[in-house]
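Below is a structure I'd like to ask you about.
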Amino acid sequence: MKTVQLQYFALLRDQRGVATESLTTTAATAGELYERLREQHGFTLGPAHVRAALNGEFAPWDAPLRAGDTVVFIPPVAGG
Amino acid sequence: MKTVQLQYFALLRDQRGVATESLTTTAATAGELYERLREQHGFTLGPAHVRAALNGEFAPWDAPLRAGDTVVFIPPVAGG
Amino acid sequence: MFRLSREPLDPVALRQSRLDPRGGAFVSFEGRVRDQNEGRRVLALEYEAYGELAEKEGARILAEARAKFTLLDVACAHRTGRLGLGELAVWVGVTAAHRDAAFTACRYIIDECKVRVPVWKKEHYSDGASEWLNSAVCGDHTGLAKDG
Amino acid sequence: MFRLSREPLDPVALRQSRLDPRGGAFVSFEGRVRDQNEGRRVLALEYEAYGELAEKEGARILAEARAKFTLLDVACAHRTGRLGLGELAVWVGVTAAHRDAAFTACRYIIDECKVRVPVWKKEHYSDGASEWLNSAVCGDHTGLAKDG
(Lines give C-alpha, C1' and ligand atoms only; values in the text may rest on other atoms or scores of the structure.)
Protein backbone atom coordinates (compact mmCIF):
# COMPACT_ATOMS: atom_id res chain seq x y z
CA MET A 1 0.00 0.00 0.00
CA LYS A 2 1.30 3.41 -0.95
CA THR A 3 -0.18 6.83 -1.32
CA VAL A 4 0.28 8.75 -4.60
CA GLN A 5 -0.90 12.15 -5.82
CA LEU A 6 -2.94 12.17 -9.03
CA GLN A 7 -3.53 15.10 -11.37
CA TYR A 8 -6.12 14.91 -14.13
CA PHE A 9 -6.30 16.92 -17.34
CA ALA A 10 -8.73 17.44 -20.20
CA LEU A 11 -11.06 14.50 -20.90
CA LEU A 12 -9.77 12.49 -17.93
CA ARG A 13 -10.47 15.40 -15.56
CA ASP A 14 -13.98 15.69 -16.95
CA GLN A 15 -14.57 11.95 -16.56
CA ARG A 16 -13.01 11.75 -13.09
CA GLY A 17 -14.79 14.89 -11.93
CA VAL A 18 -11.81 16.22 -9.97
CA ALA A 19 -8.49 17.80 -10.96
CA THR A 20 -6.39 16.21 -8.22
CA GLU A 21 -6.70 13.46 -5.69
CA SER A 22 -4.61 11.63 -3.16
CA LEU A 23 -4.98 7.88 -3.53
CA THR A 24 -3.82 4.90 -1.52
CA THR A 25 -3.32 1.90 -3.77
CA THR A 26 -1.75 -1.53 -4.07
CA ALA A 27 -1.10 -1.04 -7.82
CA ALA A 28 2.53 -1.87 -8.54
CA THR A 29 2.91 0.05 -11.80
CA ALA A 30 1.52 3.09 -13.57
CA GLY A 31 -0.25 0.83 -16.03
CA GLU A 32 -1.89 -1.22 -13.30
CA LEU A 33 -3.14 1.95 -11.63
CA TYR A 34 -4.58 3.28 -14.89
CA GLU A 35 -6.48 0.07 -15.56
CA ARG A 36 -8.02 0.14 -12.08
CA LEU A 37 -9.01 3.79 -12.34
CA ARG A 38 -10.37 3.24 -15.81
CA GLU A 39 -12.64 0.47 -14.58
CA GLN A 40 -13.67 2.44 -11.50
CA HIS A 41 -14.46 5.74 -13.25
CA GLY A 42 -15.34 4.54 -16.74
CA PHE A 43 -12.53 6.32 -18.55
CA THR A 44 -13.23 5.92 -22.25
CA LEU A 45 -9.60 6.13 -23.40
CA GLY A 46 -7.78 2.82 -23.65
CA PRO A 47 -4.12 2.66 -22.59
CA ALA A 48 -3.00 2.76 -26.22
CA HIS A 49 -4.21 6.38 -26.31
CA VAL A 50 -2.84 7.48 -22.97
CA ARG A 51 0.69 8.03 -21.65
CA ALA A 52 1.84 8.03 -18.06
CA ALA A 53 3.98 10.66 -16.37
CA LEU A 54 5.61 10.19 -12.99
CA ASN A 55 6.93 13.16 -11.06
CA GLY A 56 6.84 15.47 -14.07
CA GLU A 57 8.41 13.10 -16.62
CA PHE A 58 7.01 10.68 -19.14
CA ALA A 59 7.28 7.11 -17.87
CA PRO A 60 6.57 3.67 -19.38
CA TRP A 61 3.44 1.80 -18.31
CA ASP A 62 5.53 -0.70 -16.39
CA ALA A 63 7.26 1.99 -14.30
CA PRO A 64 6.93 1.04 -10.60
CA LEU A 65 4.83 3.29 -8.37
CA ARG A 66 6.47 4.61 -5.23
CA ALA A 67 4.96 6.27 -2.20
CA GLY A 68 4.66 10.00 -2.73
CA ASP A 69 4.80 9.85 -6.55
CA THR A 70 2.89 12.42 -8.53
CA VAL A 71 1.05 10.54 -11.27
CA VAL A 72 -0.49 12.05 -14.40
CA PHE A 73 -2.25 10.16 -17.18
CA ILE A 74 -1.95 12.03 -20.43
CA PRO A 75 -4.78 11.87 -22.99
CA PRO A 76 -3.93 12.40 -26.67
CA VAL A 77 -2.42 15.87 -26.92
CA ALA A 78 -3.79 18.47 -29.32
CA GLY A 79 -1.80 21.66 -29.11
CA GLY A 80 -1.30 24.38 -31.70
CA MET B 1 17.88 47.85 -90.29
CA LYS B 2 15.66 48.58 -87.31
CA THR B 3 15.93 50.70 -84.21
CA VAL B 4 15.39 49.13 -80.77
CA GLN B 5 15.54 50.48 -77.22
CA LEU B 6 17.95 48.74 -74.86
CA GLN B 7 17.88 48.77 -71.06
CA TYR B 8 20.80 47.44 -69.04
CA PHE B 9 20.79 46.19 -65.46
CA ALA B 10 23.35 45.11 -62.87
CA LEU B 11 26.61 43.73 -64.30
CA LEU B 12 25.62 44.44 -67.89
CA ARG B 13 24.89 48.07 -67.06
CA ASP B 14 28.29 48.36 -65.39
CA GLN B 15 30.03 46.76 -68.38
CA ARG B 16 28.09 48.76 -70.97
CA GLY B 17 28.49 52.00 -69.02
CA VAL B 18 24.98 53.24 -69.74
CA ALA B 19 21.52 52.24 -68.45
CA THR B 20 19.65 52.73 -71.73
CA GLU B 21 20.47 53.26 -75.37
CA SER B 22 18.72 53.46 -78.69
CA LEU B 23 20.40 51.19 -81.25
CA THR B 24 19.98 50.69 -84.98
CA THR B 25 20.89 47.14 -85.91
CA THR B 26 20.64 44.48 -88.61
CA ALA B 27 20.48 41.68 -85.98
CA ALA B 28 17.50 39.44 -86.75
CA THR B 29 17.03 37.91 -83.29
CA ALA B 30 17.58 38.74 -79.62
CA GLY B 31 20.40 36.19 -79.52
CA GLU B 32 22.17 37.67 -82.50
CA LEU B 33 21.98 41.13 -80.96
CA TYR B 34 23.38 39.87 -77.66
CA GLU B 35 26.35 38.21 -79.37
CA ARG B 36 27.19 41.41 -81.23
CA LEU B 37 26.92 43.59 -78.15
CA ARG B 38 28.93 41.09 -76.15
CA GLU B 39 31.77 41.24 -78.68
CA GLN B 40 31.58 45.01 -78.93
CA HIS B 41 31.48 45.78 -75.19
CA GLY B 42 33.27 42.77 -73.75
CA PHE B 43 30.32 41.45 -71.71
CA THR B 44 31.72 38.63 -69.60
CA LEU B 45 28.46 36.67 -69.32
CA GLY B 46 27.92 34.02 -71.98
CA PRO B 47 24.40 33.53 -73.36
CA ALA B 48 23.93 30.44 -71.18
CA HIS B 49 23.85 32.78 -68.16
CA VAL B 50 21.67 35.49 -69.67
CA ARG B 51 18.00 35.61 -70.67
CA ALA B 52 16.34 37.95 -73.12
CA ALA B 53 13.21 40.00 -72.52
CA LEU B 54 11.31 41.77 -75.29
CA ASN B 55 8.77 44.45 -74.45
CA GLY B 56 8.57 43.47 -70.81
CA GLU B 57 8.30 39.69 -71.26
CA PHE B 58 10.83 36.89 -71.27
CA ALA B 59 11.58 35.78 -74.83
CA PRO B 60 13.63 32.95 -76.37
CA TRP B 61 16.97 33.77 -77.94
CA ASP B 62 15.57 33.14 -81.42
CA ALA B 63 12.73 35.64 -80.96
CA PRO B 64 12.76 38.05 -83.95
CA LEU B 65 13.61 41.68 -83.30
CA ARG B 66 11.14 44.26 -84.55
CA ALA B 67 11.51 48.00 -84.95
CA GLY B 68 10.61 49.77 -81.72
CA ASP B 69 11.14 46.73 -79.46
CA THR B 70 12.37 47.30 -75.93
CA VAL B 71 15.15 44.78 -75.34
CA VAL B 72 16.57 43.76 -71.97
CA PHE B 73 19.28 41.19 -71.38
CA ILE B 74 18.90 39.66 -67.95
CA PRO B 75 21.99 38.58 -66.00
CA PRO B 76 21.62 35.79 -63.41
CA VAL B 77 19.09 37.02 -60.88
CA ALA B 78 19.88 37.12 -57.17
CA GLY B 79 16.94 38.42 -55.19
CA GLY B 80 15.99 37.78 -51.60
CA MET C 1 12.89 29.64 -25.36
CA PHE C 2 9.66 27.68 -24.93
CA ARG C 3 6.91 29.13 -22.84
CA LEU C 4 3.25 28.73 -21.99
CA SER C 5 1.19 31.86 -21.56
CA ARG C 6 -2.23 32.46 -20.07
CA GLU C 7 -2.09 35.99 -21.52
CA PRO C 8 -2.65 36.73 -25.22
CA LEU C 9 0.48 36.15 -27.33
CA ASP C 10 1.86 39.24 -29.05
CA PRO C 11 3.45 38.10 -32.34
CA VAL C 12 4.99 41.53 -32.94
CA ALA C 13 6.78 41.51 -29.60
CA LEU C 14 7.74 37.85 -29.99
CA ARG C 15 9.27 38.50 -33.38
CA GLN C 16 11.00 41.67 -32.23
CA SER C 17 12.60 39.84 -29.31
CA ARG C 18 14.14 37.21 -31.62
CA LEU C 19 15.69 39.44 -34.30
CA ASP C 20 19.31 38.59 -34.90
CA PRO C 21 21.69 41.34 -36.02
CA ARG C 22 23.59 38.77 -38.09
CA GLY C 23 20.62 38.75 -40.40
CA GLY C 24 19.82 35.84 -42.67
CA ALA C 25 16.52 33.98 -42.78
CA PHE C 26 13.69 34.25 -40.28
CA VAL C 27 10.68 31.91 -40.58
CA SER C 28 7.72 32.14 -38.28
CA PHE C 29 4.55 30.13 -37.83
CA GLU C 30 1.34 31.41 -36.30
CA GLY C 31 -1.47 29.03 -35.45
CA ARG C 32 -4.78 30.81 -34.94
CA VAL C 33 -8.20 29.63 -33.81
CA ARG C 34 -10.07 28.59 -36.92
CA ASP C 35 -13.71 29.32 -37.59
CA GLN C 36 -14.41 25.68 -38.37
CA ASN C 37 -13.08 22.19 -37.90
CA GLU C 38 -14.31 19.22 -39.91
CA GLY C 39 -17.41 21.09 -40.95
CA ARG C 40 -18.46 22.27 -37.48
CA ARG C 41 -18.54 25.96 -36.70
CA VAL C 42 -16.08 26.80 -33.93
CA LEU C 43 -16.89 29.70 -31.61
CA ALA C 44 -14.04 29.42 -29.13
CA LEU C 45 -11.29 27.14 -27.88
CA GLU C 46 -9.95 26.20 -24.52
CA TYR C 47 -6.32 25.13 -24.17
CA GLU C 48 -5.26 23.29 -21.08
CA ALA C 49 -1.63 22.34 -20.36
CA TYR C 50 0.20 20.11 -17.94
CA GLY C 51 2.54 23.03 -17.40
CA GLU C 52 5.54 21.39 -15.77
CA LEU C 53 5.90 18.65 -18.38
CA ALA C 54 4.81 20.86 -21.29
CA GLU C 55 7.64 23.28 -20.64
CA LYS C 56 10.19 20.48 -20.34
CA GLU C 57 9.01 18.77 -23.50
CA GLY C 58 8.82 22.06 -25.41
CA ALA C 59 12.39 22.92 -24.38
CA ARG C 60 13.54 19.46 -25.49
CA ILE C 61 11.97 19.96 -28.92
CA LEU C 62 13.76 23.29 -29.34
CA ALA C 63 17.06 21.69 -28.27
CA GLU C 64 16.52 18.91 -30.81
CA ALA C 65 15.93 21.47 -33.55
CA ARG C 66 19.18 23.22 -32.64
CA ALA C 67 21.04 19.90 -32.72
CA LYS C 68 19.57 18.81 -36.07
CA PHE C 69 19.82 22.08 -38.00
CA THR C 70 22.25 25.00 -38.13
CA LEU C 71 20.30 27.75 -36.41
CA LEU C 72 20.93 31.11 -34.81
CA ASP C 73 17.78 31.21 -32.68
CA VAL C 74 14.60 29.28 -31.92
CA ALA C 75 11.55 30.17 -29.88
CA CYS C 76 8.05 28.86 -29.30
CA ALA C 77 5.16 30.17 -27.26
CA HIS C 78 1.85 28.40 -26.62
CA ARG C 79 -1.29 29.96 -25.30
CA THR C 80 -3.47 28.40 -22.62
CA GLY C 81 -6.96 29.31 -21.41
CA ARG C 82 -9.98 30.34 -23.44
CA LEU C 83 -9.39 31.82 -26.91
CA GLY C 84 -11.80 33.44 -29.32
CA LEU C 85 -11.92 33.15 -33.10
CA GLY C 86 -8.72 34.30 -34.80
CA GLU C 87 -6.73 34.50 -31.57
CA LEU C 88 -3.12 33.33 -31.65
CA ALA C 89 -2.75 29.86 -30.10
CA VAL C 90 0.87 29.07 -30.93
CA TRP C 91 3.86 30.96 -32.31
CA VAL C 92 7.16 29.53 -33.55
CA GLY C 93 10.09 31.65 -34.77
CA VAL C 94 13.40 30.41 -36.18
CA THR C 95 16.42 32.40 -37.35
CA ALA C 96 19.22 30.86 -39.40
CA ALA C 97 21.89 31.98 -41.83
CA HIS C 98 20.16 29.99 -44.58
CA ARG C 99 16.50 29.64 -45.36
CA ASP C 100 16.49 25.89 -45.79
CA ALA C 101 17.42 25.36 -42.13
CA ALA C 102 14.95 28.02 -40.98
CA PHE C 103 11.99 26.47 -42.84
CA THR C 104 12.83 22.89 -41.92
CA ALA C 105 13.39 23.68 -38.24
CA CYS C 106 10.23 25.78 -37.93
CA ARG C 107 8.20 22.94 -39.39
CA TYR C 108 9.93 20.40 -37.17
CA ILE C 109 9.17 22.38 -34.05
CA ILE C 110 5.46 22.88 -34.71
CA ASP C 111 4.99 19.27 -35.86
CA GLU C 112 6.67 17.86 -32.76
CA CYS C 113 4.90 20.26 -30.41
CA LYS C 114 1.53 19.17 -31.75
CA VAL C 115 2.11 15.52 -30.98
CA ARG C 116 4.36 15.64 -27.91
CA VAL C 117 3.68 18.66 -25.71
CA PRO C 118 0.93 17.92 -23.17
CA VAL C 119 -1.53 20.58 -24.21
CA TRP C 120 -5.18 19.81 -24.87
CA LYS C 121 -7.72 21.63 -26.93
CA LYS C 122 -11.43 21.76 -26.27
CA GLU C 123 -13.50 23.19 -29.10
CA HIS C 124 -16.79 24.95 -28.43
CA TYR C 125 -19.21 24.73 -31.36
CA SER C 126 -22.07 26.93 -32.49
CA ASP C 127 -24.57 24.13 -31.69
CA GLY C 128 -23.64 24.35 -28.01
CA ALA C 129 -21.55 21.19 -28.00
CA SER C 130 -17.91 21.03 -27.01
CA GLU C 131 -15.26 18.38 -27.43
CA TRP C 132 -11.70 17.54 -26.42
CA LEU C 133 -9.85 17.08 -29.70
CA ASN C 134 -8.34 13.65 -30.46
CA SER C 135 -10.12 12.11 -27.46
CA ALA C 136 -13.17 10.60 -29.11
CA VAL C 137 -14.24 7.29 -27.55
CA CYS C 138 -13.31 5.24 -30.59
CA GLY C 139 -10.54 7.65 -31.41
CA ASP C 140 -7.24 6.56 -32.78
CA HIS C 141 -4.19 8.71 -33.43
CA THR C 142 -4.74 9.25 -37.13
CA GLY C 143 -6.23 12.66 -36.66
CA LEU C 144 -3.38 13.93 -34.52
CA ALA C 145 -1.42 16.10 -36.92
CA LYS C 146 -4.26 17.19 -39.16
CA ASP C 147 -5.34 20.53 -37.84
CA GLY C 148 -3.68 23.92 -38.15
CA MET D 1 0.02 40.77 -53.90
CA PHE D 2 3.61 41.10 -55.13
CA ARG D 3 5.34 44.43 -54.88
CA LEU D 4 8.72 46.07 -55.14
CA SER D 5 9.52 48.82 -52.69
CA ARG D 6 12.24 51.45 -52.62
CA GLU D 7 11.17 52.25 -49.05
CA PRO D 8 12.05 50.03 -46.06
CA LEU D 9 9.68 47.07 -45.69
CA ASP D 10 7.64 47.03 -42.50
CA PRO D 11 7.08 43.37 -41.53
CA VAL D 12 4.62 44.32 -38.81
CA ALA D 13 2.41 46.24 -41.23
CA LEU D 14 2.81 43.58 -43.93
CA ARG D 15 1.73 40.84 -41.53
CA GLN D 16 -1.13 42.92 -40.15
CA SER D 17 -2.48 43.58 -43.64
CA ARG D 18 -2.65 39.85 -44.41
CA LEU D 19 -4.42 38.55 -41.29
CA ASP D 20 -7.40 36.42 -42.14
CA PRO D 21 -10.34 36.28 -39.73
CA ARG D 22 -10.90 32.66 -40.70
CA GLY D 23 -7.76 31.87 -38.77
CA GLY D 24 -5.66 28.79 -39.41
CA ALA D 25 -1.96 28.76 -40.21
CA PHE D 26 0.17 31.76 -41.13
CA VAL D 27 3.78 31.22 -42.22
CA SER D 28 6.08 34.10 -43.01
CA PHE D 29 9.62 34.37 -44.31
CA GLU D 30 11.93 37.33 -43.78
CA GLY D 31 15.20 37.60 -45.67
CA ARG D 32 17.59 40.08 -44.09
CA VAL D 33 20.97 41.43 -45.14
CA ARG D 34 23.58 39.10 -43.67
CA ASP D 35 26.84 40.20 -42.12
CA GLN D 36 28.81 37.80 -44.27
CA ASN D 37 28.67 35.77 -47.44
CA GLU D 38 31.15 33.00 -48.24
CA GLY D 39 33.56 34.29 -45.64
CA ARG D 40 33.57 37.93 -46.76
CA ARG D 41 32.28 40.62 -44.42
CA VAL D 42 29.26 42.37 -45.94
CA LEU D 43 28.65 46.04 -45.06
CA ALA D 44 25.72 46.81 -47.31
CA LEU D 45 23.72 45.57 -50.27
CA GLU D 46 22.24 47.14 -53.32
CA TYR D 47 19.18 45.61 -54.95
CA GLU D 48 18.29 46.57 -58.47
CA ALA D 49 15.15 45.36 -60.24
CA TYR D 50 13.78 45.35 -63.74
CA GLY D 51 10.55 46.61 -62.25
CA GLU D 52 8.05 45.93 -65.02
CA LEU D 53 9.05 42.31 -65.50
CA ALA D 54 9.80 41.67 -61.82
CA GLU D 55 6.25 42.59 -60.86
CA LYS D 56 4.76 40.40 -63.58
CA GLU D 57 6.95 37.42 -62.70
CA GLY D 58 6.33 37.88 -58.97
CA ALA D 59 2.57 37.95 -59.54
CA ARG D 60 2.84 34.80 -61.66
CA ILE D 61 4.68 32.98 -58.86
CA LEU D 62 1.96 33.92 -56.36
CA ALA D 63 -0.72 32.75 -58.79
CA GLU D 64 1.12 29.43 -59.21
CA ALA D 65 1.24 28.99 -55.43
CA ARG D 66 -2.51 29.58 -55.22
CA ALA D 67 -3.10 27.03 -57.98
CA LYS D 68 -0.82 24.37 -56.47
CA PHE D 69 -1.85 24.67 -52.81
CA THR D 70 -5.06 25.37 -50.90
CA LEU D 71 -4.44 28.87 -49.58
CA LEU D 72 -6.41 31.74 -48.13
CA ASP D 73 -3.87 34.47 -48.89
CA VAL D 74 -0.39 35.03 -50.31
CA ALA D 75 1.82 38.10 -50.42
CA CYS D 76 5.42 38.97 -51.21
CA ALA D 77 7.33 42.23 -51.04
CA HIS D 78 10.89 42.83 -52.24
CA ARG D 79 13.05 45.77 -51.39
CA THR D 80 15.18 47.66 -53.90
CA GLY D 81 17.93 50.24 -53.41
CA ARG D 82 20.72 50.29 -50.86
CA LEU D 83 20.23 48.28 -47.63
CA GLY D 84 22.31 48.17 -44.48
CA LEU D 85 23.13 45.16 -42.31
CA GLY D 86 20.05 43.45 -40.89
CA GLU D 87 17.61 45.33 -43.10
CA LEU D 88 14.68 43.42 -44.53
CA ALA D 89 15.23 42.53 -48.20
CA VAL D 90 12.28 40.25 -48.86
CA TRP D 91 9.10 39.26 -47.05
CA VAL D 92 6.70 36.41 -47.87
CA GLY D 93 3.49 35.70 -45.98
CA VAL D 94 1.05 32.83 -46.56
CA THR D 95 -2.23 32.04 -44.81
CA ALA D 96 -3.97 28.68 -45.16
CA ALA D 97 -6.44 26.58 -43.22
CA HIS D 98 -3.71 23.94 -42.71
CA ARG D 99 -0.07 24.40 -41.88
CA ASP D 100 1.25 21.97 -44.47
CA ALA D 101 -0.03 24.15 -47.31
CA ALA D 102 1.19 27.33 -45.63
CA PHE D 103 4.74 26.04 -45.14
CA THR D 104 5.02 24.47 -48.58
CA ALA D 105 3.64 27.51 -50.39
CA CYS D 106 5.82 29.98 -48.48
CA ARG D 107 8.90 27.95 -49.38
CA TYR D 108 7.78 27.64 -53.00
CA ILE D 109 7.31 31.39 -53.33
CA ILE D 110 10.70 32.40 -51.94
CA ASP D 111 12.53 29.68 -53.88
CA GLU D 112 10.91 30.67 -57.17
CA CYS D 113 11.39 34.40 -56.55
CA LYS D 114 15.09 33.89 -55.97
CA VAL D 115 15.67 32.25 -59.33
CA ARG D 116 13.04 33.88 -61.54
CA VAL D 117 12.29 37.47 -60.52
CA PRO D 118 14.69 39.90 -62.23
CA VAL D 119 16.25 41.42 -59.15
CA TRP D 120 20.00 41.72 -58.73
CA LYS D 121 22.08 42.02 -55.62
CA LYS D 122 25.40 43.83 -55.35
CA GLU D 123 27.29 43.17 -52.13
CA HIS D 124 29.65 45.76 -50.69
CA TYR D 125 32.44 44.23 -48.61
CA SER D 126 34.54 45.55 -45.76
CA ASP D 127 37.66 45.45 -47.98
CA GLY D 128 36.13 48.07 -50.28
CA ALA D 129 35.26 45.59 -53.04
CA SER D 130 31.76 45.04 -54.36
CA GLU D 131 30.27 42.34 -56.53
CA TRP D 132 27.07 41.44 -58.39
CA LEU D 133 26.03 38.08 -56.99
CA ASN D 134 25.91 35.09 -59.35
CA SER D 135 27.59 37.10 -62.12
CA ALA D 136 31.22 36.04 -61.71
CA VAL D 137 33.07 35.77 -65.04
CA CYS D 138 33.45 32.01 -64.83
CA GLY D 139 30.20 31.75 -62.93
CA ASP D 140 27.76 28.98 -63.39
CA HIS D 141 24.32 28.69 -61.85
CA THR D 142 25.22 26.36 -59.03
CA GLY D 143 25.34 29.14 -56.48
CA LEU D 144 21.93 30.53 -57.36
CA ALA D 145 19.79 29.28 -54.55
CA LYS D 146 22.39 29.14 -51.83
CA ASP D 147 22.06 32.35 -49.92
CA GLY D 148 19.39 33.45 -47.46
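Labels for the chains are A, B, C and D, by order of writing; each one numbers its residues from 1.
Quick note on the criterion: a contact is a pair of C-beta atoms (placed from the backbone, for glycine too) under 8 Å apart; a residue touches a chain by one contact, two chains touch by 3 or more.
Because the structure is a prediction, the values reported are computed rather than measured.
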Intersection of contact partners for chain B and chain D: none
For chain A paired with chain C, centre-to-centre distance based on mean C-alpha positions, whole Å: 25
Chain A-chain B separation of Cα centroids, rounded to whole Å: 73
Between chain D and chain A, distance of the C-alpha-averaged centres to the nearest whole Å: 50
Residues of chain B engaged with two or more neighbouring chains: 80
Sites on chain C at which at least two other chains make contact: 31, 99, 110, 147-148
Pairs of chains found to touch, sorted by chain label: A-C, B-D, C-D
Complex contact set, residues of chain C against chain A: 31, 47-50, 52-53, 56-57, 78, 89-90, 110, 113-122, 132-135, 137, 139-141, 144, 147-148
Residues of chain A touching chain C in the complex: 7, 9-11, 14, 44-45, 49, 53, 56-58, 72, 74-80
Contact set on chain D toward chain C in their complex: 11-12, 15, 19, 21-35, 85-86, 97-99, 102-103, 106-107, 110, 146-148
